[in-house]
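Two complexes are shown next, each including chain A; its partner changes from chain B in the first to chain C in the second.
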Partner chain A sequence: MAKSKAYKKQELGNSQLKMTWIKLRENKLAVASMFILLLVCLVAIFAPLIAPYDYTAQNYDEMLMFPCLAHPFGTDQFGRDILSRIIWGSRYTLIIGFLTMVVSCIVGTALGVFAAYYPKLDNPIMRFLDIFSSIPDMALLMCLVIILGTSMTNMIIALGIYYVPGYARLARAQVLTLRDEEYVEASRALGASDARILLNHILPNAMAPIIVRFTMSTGGCILESASLSFIGLGIQPPEPEWGLMISQGKSFLSTNWYYSIIPGLCIVLVSYCLNYLGDGLRDALDPRLNY
Partner chain B sequence: MLKYSIKRLCFMVITLFLTTLLVFALLELVPGDPARIIAGESATEESLAAIREEFNLNDPFFVRFFDYIRNLLHGDLGISWKTRQPIAGAIASRLPLTMIIAFWGVIVGTILGLVAGTVSAVKQYSVFDRVLTFISLFGKSAPSFWIAMLFVLIFSLKLGWLPATGSYGFVYWILPVATIGLQASSGITRMTRSSVLEVIRQDYIRTARAKGQTELVVIIKHALRNAFIPILTQISSSLTEYLGGTVLVESVFAIPGIGNYVLDAVQRQDIPVVLSGIFVICAMCSVVILLTDLAYALIDPRIKATFGFGVKKKKKAAVAKEGGNK
Partner chain C sequence: MNKDTILSVENLVVKFFLRKSTVEAVNGVSFEIQKGERVGLVGETGAGKTTTALSILKLVPNPPGRITDGNIYLNGENLMEKSEKDMRKIRGNDVAMIFQDPMTALNPVLTVGDQIMEVIRLHNDLGKFEAMDKAKEMLELVGIPGERYLDYPHQFSGGMKQRVVIAIALACNPKLLIADEPTSALDVTIQAQVLELINNLRDKMGMSLLLITHDLGVVAETCDKVMIMYAGSIVESGTVDKVYRNIMHPYTSGLFNAIPKLHEESDRLEPIKGMMPDPSDLPEGCAFYERCPNAVDECKTKKPELKMVEEDHAVACFNPIKRGA
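Then we have the complex of A and B:
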């Protein structure tokens, strides 16, 4: 019987991380997405070196120029190079997407774990989060923005609050199924503390769907943050955020279509890649997961 | 069925009450003195005091909250801080537009999504499937306002077929509805595909085929009907999403809907308008969720049986558990 390469390696005692990577490698689209995302990260990190112009430099001789050799993506109404602004803007997109997810993932998972592990906390925590999630997304975000005000930190907090209930529900469902496993019972019988059981035994086994959700929601979060900036409740001008650039290009749509279409394409590219990577991770981590 | 409906209705009212309490409490945290927001920066102390008296700003939190609830029950949504107009009238004139666009958008999305999802499930791994998956991911990955601008660019500015902005009749609604339809269809396509894939290998499908049923009837009557519960959940959640989220589409097409109204109020810190706007949006969503819950019971008799009469308690629990595991 021909065993697959993956199985042989498992017998040699590979870590779970390596196993996941071996399975993920079979999904070409996911790997390609991962490389594109890495490339975008590198662009964001080395923005000052890559950007051909200063993203704030105004040049009134070159206002609203169509894409050409000197300005591959054209210029805006102040003569600023759009390519340079997109390169700098990738920082906002990635930082907001990633930080929001980290915040809401940690808070949400912690709440979900406590709710599942301590039955007394279950109803108070989950019903409170249910009320939060019964408010539609844009309505809740507008409500939070009016309280917090518009800035990048506040946007991350608002978006983070919006994503908490989803993580909490997922983590709770995971922990509920793991709580009564035999290995948990065994370590409790050995006298392990709750913290040790939760951190060493339950959480590592509950991580797979949370990682998948993390990847996929980052795409959604980038869209939400662009939406907030678009309606003027997120990043404020003159910062080069992609959603804001689309919004500024709106008034030039009839004459200079590239101004708002190109930043939009960048958002689509990043969020496509995150979705494909999420799909791949889901198949690699646990093929039975289905959502 | 009646008992089930009443139970759901009570649940909805409680949720809506708590949601209102939460939003009311959150809006208490808005920085700044409300009286100063109303009167402007240059107001004198006397006029500020008069305004506090007029808008009952001196009352304690719970007094104001229960006043608000009492007014709500009388159909009074409060008075705008900025225009001093009753909010109920403004919302009533804007609500139909938002509802038309959201409902028609989701109906278009449902039709597209059901067809595309079923086709890609039946022809799994074919070229169709791949192309449809790619398109449905596009709907999920592209911001709605950007899709809307793309539509404006192509259909209004380049081809000149449809008007770009405004809301004066049917032709003005085509592009907004198409935008929401495309976005809504992406989620429905994905859900339909995975849900149909799950049932299509069941024995009863094979039985239906074996007794000589045409493929179309097998798919529509046997596969799609049994796969419909998760699809219905997806349709309902898109509807609630777009009832509250049309603000993006509304702002591109300059449609005077409820989303634009709330957005204006957020920018001008008009708290009563934000509060009542969010309340109306939440109320609409609660009704949608209630109707979905009732529709589940119509489609899947097992859910209804959970709340039926004459069933012994033990049996009830077993059915409930099975329904919960589904």
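Then we have the complex of A and C:
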């Protein structure tokens, strides 16, 4: 114990986390994106406090109002305040987007890594996943949701399954090139177990494209869930999911453009921020870009 | 086998079973390494040097490779009977290996300190900070300032990376260090430094060394014993002194003739004619028969055995070169 005290902070150097933060800070776009995403998260958490109106409250005196002082984002065909609905909707969007991606990323990456590292598992795993990717996406999602039953949890599961093969392929391709690297062989020659080689040596080197895919497909995932909601298999009205709002506003596009455009812009904003943040994170996590 | 024998390889046979053919990479290799001894394993590309080294760690890629025959004793224990789990304890702890290319032998996303620490903590029950101390000690031992512990591999030059690789290999005081062409990827001045470092550390730590190379000069500088390998068999072996002074196998002689000599002026080097036989289709007799200037009829049908010709000098040849001839 006496020894451990001898190590001063400076001697230990900056931790990985701190180093990442220092490098991320240099990327202004990534930092801005991070703050916007944080803001969206805060909005989602404190929705009941922020929202000016009840998101279900209908008001037939104020149907389809253009943005004005009382309703900054206008109102929909039932006179519900769109701003409030956007604020409450951020909860659904964030939960669906992140949870789906986290689940499919973990499962897909694990499957891909095993498939590549253990040649015997390669064909069984990848051909099984090919079954899912051979079915058209909407048909697959609809089948899954109908089998599992309509609810938000089941929609997340269905979307998760839909995104697994992509991650698995990506991870497999990465690991296939990495597993023959000399440092992998070297650490095996030093007595490292398979688990250690995978976790310490292969995964960190394979992460970059997976992070990028994670952030790129979150936006797609939000839209995908909107499509499901649109055909009545996802979030059920009157819940204010952003994608659902776009499809509801579709029929008013020629007269009340803001109804669809505003939730659409919100999705675009979140996806962009995720992309920039992902891009910045990938660079910040790569020690080869240290200087 | 006496008490001081660290490693004893007996009749090792390694084959690679490919779809179309079977590659006979190592064909009945036997040798011993004593405590503290430095042994050089020389041969051209594809002679089976690296496969022999990987067999000692039981790391021959399987499939397609397999050790089909032979025994390997490390400190008197037969490695062929060890489970994968036991082998993991031996790798890095009793036997460590240095790979050819330091540029790729280090993980680019971990600090060098972490990579040294990893092997220390794999084999010793040490806390994080104790392991860190030891890792720094190892870095200083190979001539890199301890403060560079937190640097990543790309911040080092090639020669320094190879030093780090050596530090990792030696971190657990192995009894045997296998160096697989440790200097082939480095330029000549760095080569000399790295060899000197390996030599000094061997003296300090007293481990045995199996040096794989195709540079006869490196062997002369570094090793006590030398083994010349051709097409998966050892064709000549003995102490460096005896073998270099009294070359007996025509292949060894061919290798020496192919080295440019400083004191002789010549426009052309003298290569060994022909190519090494396809290891998936080895001839029945001596593998060197086709290229051998000394070949006799016997060579075509019978495989020569490695026989002692004088003390500490063995040759596998029916018609070896006579001294003075």
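Quick note on the criterion: the second predicted complex is superposed on the first by the 208 of 291 C-alpha atoms of A that agree within 3 Å, B and C clash if a C-alpha of one lies under 4 Å from a C-alpha of the other, contacts with A are read in each partner's own complex, and residues count from 1 in each chain.
The definition used in the following text is that a contact is a pair of C-beta atoms (placed from the backbone, for glycine too) under 8 Å apart; a residue touches a chain by one contact, two chains touch by 3 or more.
For clarity, every value in this text was computed on a predicted model and none was experimentally measured.
Undergrad: Tell me which of chain B and chain C touches more residues of chain A.
TA: The larger set of chain A residues in touch belongs to B.
Undergrad: Where does A:Gly191 make contact in the superposed view: on chain B (first), on chain C (second), on both, or on neither?
TA: A:Gly191 sits against chain C, while chain B stays out of touch.
Undergrad: I'd like to know which partner A:Tyr183 touches here: chain B for first, chain C for second, both or neither.
TA: second
Undergrad: Let me test your reading of the model: by the given contact rule, A:Asn200 touches which partner, first (chain B), second (chain C), both or neither?
TA: In the superposition, A:Asn200 touches chain C alone.
Undergrad: Regarding the shared-chain residue A:Ile135, is it in contact with chain B (first), chain C (second), both, or neither?
TA: First partner only.
Undergrad: Could you tell me if A:Thr153 is touching chain B, chain C, both of them or neither one (first, second, both, neither)?
TA: In the superposed model, A:Thr153 contacts neither chain B nor chain C.
Undergrad: A:Ser227 contacts which: chain B (first), chain C (second), both, neither?
TA: A:Ser227: touches chain B, not chain C.
Undergrad: Tell me the contact category for A:Gln236 with respect to chain B and chain C: first, second, both or neither.
TA: After superposition on chain A, A:Gln236 lies in contact with neither partner.
Undergrad: Show which residues of chain A both chain B and chain C reach, each in its own complex.
TA: Shared contact residues on chain A: 290.
Undergrad: Can you name the residues of chain A that touch chain B in the complex?
TA: Against chain B, the touching part of chain A is residues 130-132, 134-139, 142-147, 149, 219, 223, 226-227, 230-233, 243, 246-247, 250, 253-254, 257, 260-261, 264, 267-268, 271-272, 275-276, 290.
Undergrad: For a test of understanding, state which residues of chain C touch chain A in their complex under the given definition.
TA: 57, 59, 87-93, 96-97, 99-101, 104-111, 118-119, 122-123, 127-130, 132-133, 149-150, 152, 154-155, 165, 168-169
Undergrad: State the interface residues of chain A toward chain C in the complex, per the touch definition above.
TA: Residues 3-4, 6-7, 12-13, 181-183, 185-193, 196, 200-201, 204-205, 286-288, 290.
Undergrad: In the complex of these two chains, what residues of chain B are touching chain A?
TA: 15, 18-19, 22-23, 26-27, 29-31, 137-138, 140-146, 149-150, 152-153, 157, 194, 198, 240-241, 243-245, 247-248, 251-252, 259, 262-263, 266-267, 269, 271, 274, 277-278, 281-282, 285-286
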